[in-house]
Amino acid sequence: MELNIGMVGYAFMGKAHSNAWRQAPHFFPGIPQPRLKAICGRSREKTEEAAKRLGWESVETDWRRLIARKDIDIVDIVTPGDSHAEIAIAAAEAGKHVICEKPLANSLEEARRMVAAARRAKVKNLVMFNYRRVPAIALAKQMIGENRLGKVFHYRAQYLQEWLVDPLFPRLWRMDKTVAGVGALGDLGAHVADLSLHLVGRLDKLTAVTATMIPTRPLPGQPGKTAPVTVDDCAVFMGRIGEATASYEVTRLAAGRKNYLAFEINGDRGSMRFNLERLNELEYYDRTQPAALQGWNNIMVTDASHPYIAHWWPAGHVLGYEHTFVNAMADFLNAVATGADIHPDFADGAETNAALDAIERSAQSGQWETVAAVEAAGSGR
Amino acid sequence: MELNIGMVGYAFMGKAHSNAWRQAPHFFPGIPQPRLKAICGRSREKTEEAAKRLGWESVETDWRRLIARKDIDIVDIVTPGDSHAEIAIAAAEAGKHVICEKPLANSLEEARRMVAAARRAKVKNLVMFNYRRVPAIALAKQMIGENRLGKVFHYRAQYLQEWLVDPLFPRLWRMDKTVAGVGALGDLGAHVADLSLHLVGRLDKLTAVTATMIPTRPLPGQPGKTAPVTVDDCAVFMGRIGEATASYEVTRLAAGRKNYLAFEINGDRGSMRFNLERLNELEYYDRTQPAALQGWNNIMVTDASHPYIAHWWPAGHVLGYEHTFVNAMADFLNAVATGADIHPDFADGAETNAALDAIERSAQSGQWETVAAVEAAGSGR
Amino acid sequence: MELNIGMVGYAFMGKAHSNAWRQAPHFFPGIPQPRLKAICGRSREKTEEAAKRLGWESVETDWRRLIARKDIDIVDIVTPGDSHAEIAIAAAEAGKHVICEKPLANSLEEARRMVAAARRAKVKNLVMFNYRRVPAIALAKQMIGENRLGKVFHYRAQYLQEWLVDPLFPRLWRMDKTVAGVGALGDLGAHVADLSLHLVGRLDKLTAVTATMIPTRPLPGQPGKTAPVTVDDCAVFMGRIGEATASYEVTRLAAGRKNYLAFEINGDRGSMRFNLERLNELEYYDRTQPAALQGWNNIMVTDASHPYIAHWWPAGHVLGYEHTFVNAMADFLNAVATGADIHPDFADGAETNAALDAIERSAQSGQWETVAAVEAAGSGR
Amino acid sequence: MELNIGMVGYAFMGKAHSNAWRQAPHFFPGIPQPRLKAICGRSREKTEEAAKRLGWESVETDWRRLIARKDIDIVDIVTPGDSHAEIAIAAAEAGKHVICEKPLANSLEEARRMVAAARRAKVKNLVMFNYRRVPAIALAKQMIGENRLGKVFHYRAQYLQEWLVDPLFPRLWRMDKTVAGVGALGDLGAHVADLSLHLVGRLDKLTAVTATMIPTRPLPGQPGKTAPVTVDDCAVFMGRIGEATASYEVTRLAAGRKNYLAFEINGDRGSMRFNLERLNELEYYDRTQPAALQGWNNIMVTDASHPYIAHWWPAGHVLGYEHTFVNAMADFLNAVATGADIHPDFADGAETNAALDAIERSAQSGQWETVAAVEAAGSGR
C-alpha cells in the first residue's frame, strides 16, 4: 500500500516532517509506503529548492491546488499557526487525512471548528505534539497506565530555552503579536500543556503570569532601528488537575537551557522525571521497593522492550530529536491503513488551545480562570 | 574571650545547635570560645538526658530563669515557633544576644515586635536560616555580588520532601493548625523564601495555592483512631521580584525527594543552580565564555578559595548538613565580639514572615497579594 | 555531481551505512549526490529484501561482479572482518574509492596490504571508526588542537557493554575464534584504540590481559547442546603514549552498561571526559579559570558553533547514534570530489590493528609488548 | 564506661581523629565514653597548641612516655608511615588497644610484625581505612553479602586527585623517597587496595606501572632551588581476583578530580558504583528487575535503614568526610568494650601492604607478580 503526501510549508518543521516521511518506511518496514508527492509554498523558487533538498517530487504554490489534487491522500500542514484552521478544514472537507503542526490553532474557537470538520469528514487527524513519541515519554505513559505512580499529588514542568537572552537578537515576525498571536506560550507552553494532558490529565483551573522582559529589539536589516516586542517571552502558571497541584514555567530567557522540556510527577506509589536534553533517559522512583534500596532509577530507554526502539538500533544506541517525528509518521500511516485511533488528534490539540486560552485570560485578569470545555459533555473521545 | 550559651529546647534543632557550639572553636580557632553553659526544657528528666548527650554543663526547666542568669551571654532558641517571640523579646530585654530558629515567628506581627525589641536592646540577633551558610550558597551570593548573573529574569525554587507520602504516617502535633500554625509552608516555605530574599531580593507580590492532600491520619498510640490534618502539606506560589518572575513549590509529598532544596537563577550574563542533596556543588553557566565552550560548570565547592572551606578539610573532602550550623555559630560569636553586622538578623527573618503572610492571604483569596513592608520606609537595615 | 555507491553486506552495519547514504544529501546539500546503486550479498532473496528496505536500486550476489561494474564509484564494505582485505584490495585495484567497516582487518599483515593497495591505486579510503564524528568528540579533538589540555599525563578509556552477561545468551559465530578472529577486543577494543590514537597519539607499548568468563554457551536452535566460547569477552590493557599513562577496559559483561564508550584525558592545563551514552555532551575542566570558579563544564554539543551541528537542527535538539555515519559519508563524498585528505584512512586503521596485535601478544606472553610500526619510517601520512 | 585515649601525631589526620573522638559519644550515646587524655608530638610548643585546638587534656613529647602511662587505654597513631611499626608494636606490648593510620606500615615485613605483636598481646587493633565506614560503602558491602551482584566479573577503581598538577607546587618531604617510602601509591593506592579487598576479595596477582611525571620541583623556602621528586605521582595496575579482572588507577595529576575515589563492580546479577565526591550516593543496577525497568538506581544513603545513619540526622541530611572517622571510633570503642571483632584489623591492613609490595615489584620487573600471603595458611582471620 502506498499513500501520497502533500505538505504545506517548508521551513524548520518542513525539514523535520520531510525527514520523517523519508525515514519511516526504512525503519518501520510493514507500514504503508509514504510517497513525498508534492510540497507547497508561496515562492516557487524557494519551494523548488526545498523540494530538491527535502526530497519531494513536485511543487505547488497554492495550497488550494494541492488539496484539490486527486493524487494526494494526506495533507501535512507545517505553516504558522494563523493558517492552520483554514487549510486543515479545507483538507478535511476534501477527504484528505490531515496532520497539523502544533499548536493546533491560534484560538480555541478555530480549534473547535477544526475538530468538528475532521469529525464530519471522518478523516484521520493528528496534531504534531511530537514529544509524546519520545520513547522515554511513551514509556512513562505506559508505566502510568500500569499504576506505577499511584495517586498523583504533584505535576511540575518546565520548558526553558535561551535563544532570546541576547537583547540584540533581532525582532523577527514571531515577536509581533499581530502576526504570531503568542510568544513562548504558544510555542513552549503548548508542548508543556499537551504533555501534562497526556500524562496526568486535564487542567481544571489555573492562574498565570506572562511577561516580556526585553521590550524592544533591533529590526533585522534596518540598522539603528528597533521595534517593540508585543508577545510574551516567558510565562509561569499553576493550576489543579483534579486534586493534584500542577506548576509550569516556559521561557526563552534561561541562559544555559538549550531545549529543556522537563517534567516530574509525584504520586503515592512513586515518582518520575524526564528532560528532553537527555531524551534517552527516564528516571523513576519506586516506593514499593525495600526502603534501603529505594532510589532514582535512571532507565536508559534504548532497549527493545521499550516503545519504538525495536525499529531502530540495538540497545544503548541512542536516538535524537528527529526520531520523534518518524515514530509519529509511522503511527499515522498505520492508523490511516487500519482505521485505528491515533492521538493526539485535533480534539486533544483543542484541549491545549483551551488551556492556553485560560492562561491568557488569567494573565490579563490576575484571577484564577477555568479551562473551558472543548466540546459538549458526552461527545466523547 | 569566652561567651556563655544558654539554649532553650533540645529536640532535632537542639542537637544541631549543640553540635555547632561544640564544634565551632575547634575549626575556627580565633573566635571567642563558646561555653555550653545551660540547656532548658520543661521536663527535668529529659533535659538532663539531653544535657549529658549534647554536652551542656547545667539544666534549667524554666526559660525565664535561664534568661535571668547573669552567666549567660547568648540565648539560643530552638523551641517550636509559637514561643519564639516571647522568649526572644525577654532575652533581648535582658541584654542577651539572641539566636532564634526559623521561622522567626508564627505571625508577621510577632516578628515585627521581635525586630523592635532586638533593636531597642542593641543586641546581636540572628535567625537560623542555616542554609545561607552552605559554602556553595555563600559562593553563589558572592558571585552574584560580582555581577556574574547580570540582570535577573527568573528565579525558581523548590523544597521537596517525601516524609508524609505514606497515609499511615501518624498525625503529629505538627499537623494540627492550632499548635503548629502552618505546615510545609512554615517549615520548607520559610527556607525557600529566605534564600530567595538573600539571593535575588524581596518578593513584591505573589499568588499562591496550598493544599492538604491527605486529610486525616492515624493518631499515634491510639489504634483505630484518626484525626484531621489541619495544616497544608504542600504549597505552590509565584510572584515578581522587581521585573523578574519567581516561582516556588514546597511539599512533603514528593516521593524520592529526601531534602531537595533547590534553586535556579537565570540572568542575562549567566545562570546558576543548586540543590541541597548535593550541597558541595554549585552549577554555573557563564554566557561570557566563547560560544563553543559554554556549558554548565559544576563547581565542587570544597576549595580553600571558597567561603568557609579553609576552616575545614583539604580540597575535595566534602562537608555535610551540620556544617552550616557551625559556620553560623562561628560568625555569630565573631559578630558578638567585634560588633560587626550579621545576617539574617531578625529584620531579615521578618521579611520571610511577611512573605508567608502574603502566601496565606493569597491561598485564601485566590488573588495576587502584596507582600507587606516589615517596617516604615527609611528605618533601614 | 553524482557518485554511485555499491555496498557489500547488509546486516546491522549495512542498515547504518545505507541510512547514512540516504540522509547525507538532505542535510549536507552542497556535497556530491550519492546514489544507492547496488547492494551485494550471497543470498539473492535476503539481499533483495534488504535492497527494498534499505533503498538500493539493484542487487548483486558476487562482490567481484559488483566491483567489476563500471557504474560504481565507491565500494562500501560492511562484511565481517575476515573478508575486508580481499574485497578492499580488489576494489582499490579496480580504481574504486573504498570505505571499510572497522576493524580494518583481522591481522596487521592484512591491514598493511590494504594500506599499500589503496596507496598504489590512489583512491580515497576510509575505515569506519564512526565515533570520531560524534560532534562532541570532534569538538574534543578541536580543543586539544587549541592546546586546551596542555601536556597530557593520563588517558583512560572504557567500552563497556552488557549483552553477554546472561549465560544463556547463545553461542553465535561471533564467539567462535575460527570465524570471528577476536571477541570484545576486535569490536570494542578497536574503537577504544582508534579514539586513543586520534585524541592523544600512538600507543608505544602495553601490557594486557584478556579473559573468557563464560566458557560455554547454548548453541542456537539445538536444544540441550552447548559449545565452547573461543574468543575473549573482555580485555584490560595499559600502556604508555609517550610519557603519558594510558589504561583501557573493554567488556561485554558489565551489567547496566549499554554502550558505554568513555574516555578521560588529564593534562596540565585541563581535563576532558566523554561517554557515548550521553553523546551530546562533553565535559571540560579548565585549570586556567580562576580557582574559585573551576569546575567540570558540561558542554551540550548541539550549537551551530560546534562541529557538524549547523547541518542538523537548532541548538539543543539532540542527535543520536546514526548521525555519526551521516557525517562520515558527507565528509567522504566531499573528499572524493575535492581530493582532500580524509581520516581515519587505512593507514590510521592499520595502527589499530598494530595495537590489537600487541594486545594479543601481551595477553599470551604476560609481558609488555611493543606496538609494531605500520610502515617504514618516512613513508608519511 | 570510660576509655582514655592517647594520640601520637597532630597534623591533618590528628585533626580528623581528634574530631572523631570528640564527636563519637554525642552521636553514639551507648558507647564507652572516650576521654582525650593525651596528645604526643616532638615539639612541645606545637603539640600544646594542637592540644588546645583539638581538645586534648595533656601533652607528651615522647611517644614512649605516652605508652608507658597507666591512664591510657587506647593508643591512636597518626604519624607518618615509617614510625607506625615501632610505635604500634610497643603499644600492643604495653597492653594498649591500637588504632593506626593507613597504610599500616611502609613494608610488608613491618606489617607482619605488627600483626604478630597485636595478636600476641590480644589487644584490639584497627587500621584506619576510614572509607569502609562511608555509609554508602557499608551499604555496598551489605548488599554484596546479600548476593545482589552475584558472581563478579569485573572490579575497577580509581583514586584521582589533582594537587600535584602545578609544577610549581613545592617538593615536600612526601616527595622524597628516603622519607616517604612511596608516593601516590602508598597514599591513594592503599585506600584503593583496601576497598578492593573489602568488597570483592584478595588480589592474587597483578601487573603495574608507576611514573613520576614531574621529576623536579622547587624546594620550599629556597628560592631558585629545586630538588628531584623520588616517589611516584601516579600508578596504574591490573590484576585478577579469582577469575574476575580488576583494574586500578591512582594519581595526583588529574586536573578536576579533587578526591575522586571511585569503584564499579559488575556481576552477573547486577552492578554497583560509587564515588567519594558524592559520598552520600550509591548506584545500583539490578538485573533481576523487569527488562523495561532496569536502570542505574541512585540510592541516597541517608535513610535510617542504612548503616550508621540512625545515629546522625533525619533522612536526606547529608554527611561528609569526617563522619567516616566518627563511625570508626564508635565501632572501635564498642569492640574494646564487648570484645567483638573489628575490621580492618592489622591483618587486613597487612594485606594491603602485600598488594603494594607486589605493585612495586611489578613496576620494577615489568612482569606479573604474585601477591604474597600475609601469614601461613590456616592461621585464619
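Points worth noting:
The chains carry the letters A, B, C and D, assigned in the order they are written, with residues numbered from 1 in each.
The rule is short, and it goes like this: a contact is a pair of C-beta atoms (placed from the backbone, for glycine too) under 8 Å apart; a residue touches a chain by one contact, two chains touch by 3 or more.
The structure presented is a predicted model; accordingly, all values stated were derived computationally and were not measured.
For the pair chain B and chain C, chains touching both partners: A, D.
At the interface between chain C and chain D, over half of the residue numbers involved are used by both copies, so each side presents largely the same positions.
Work out the mean CA point of chain A and of chain D, and you get 55 Å between them. Between the CA-based centres of chain A and chain B the separation comes to 41 Å, rounded to the whole angstrom. Taking each chain's centre as the average of its CA atoms, chain B and chain D sit 36 Å apart. Among all residues of chain C, those that touch two or more other chains are 257, 294-296, 300, 303.
Chain contact summary for the complex, chain B toward chain A: residues 153-154, 156, 158, 160, 165, 167, 207, 209, 211, 213, 234, 236, 238, 240, 243, 245, 247, 249, 251, 253-257, 264, 266-271, 285, 287, 294-296, 366-368.
Interface residues of chain D, counted against chain B in their complex, comprise 12, 16, 18-19, 22-23, 26, 29, 53-55, 161, 163, 257-260, 276-280, 300, 302-303, 313-323. Of all residues in chain B, only 139, 143, 282-284, 291-300, 303, 305-306 touch chain C in the complex they form.
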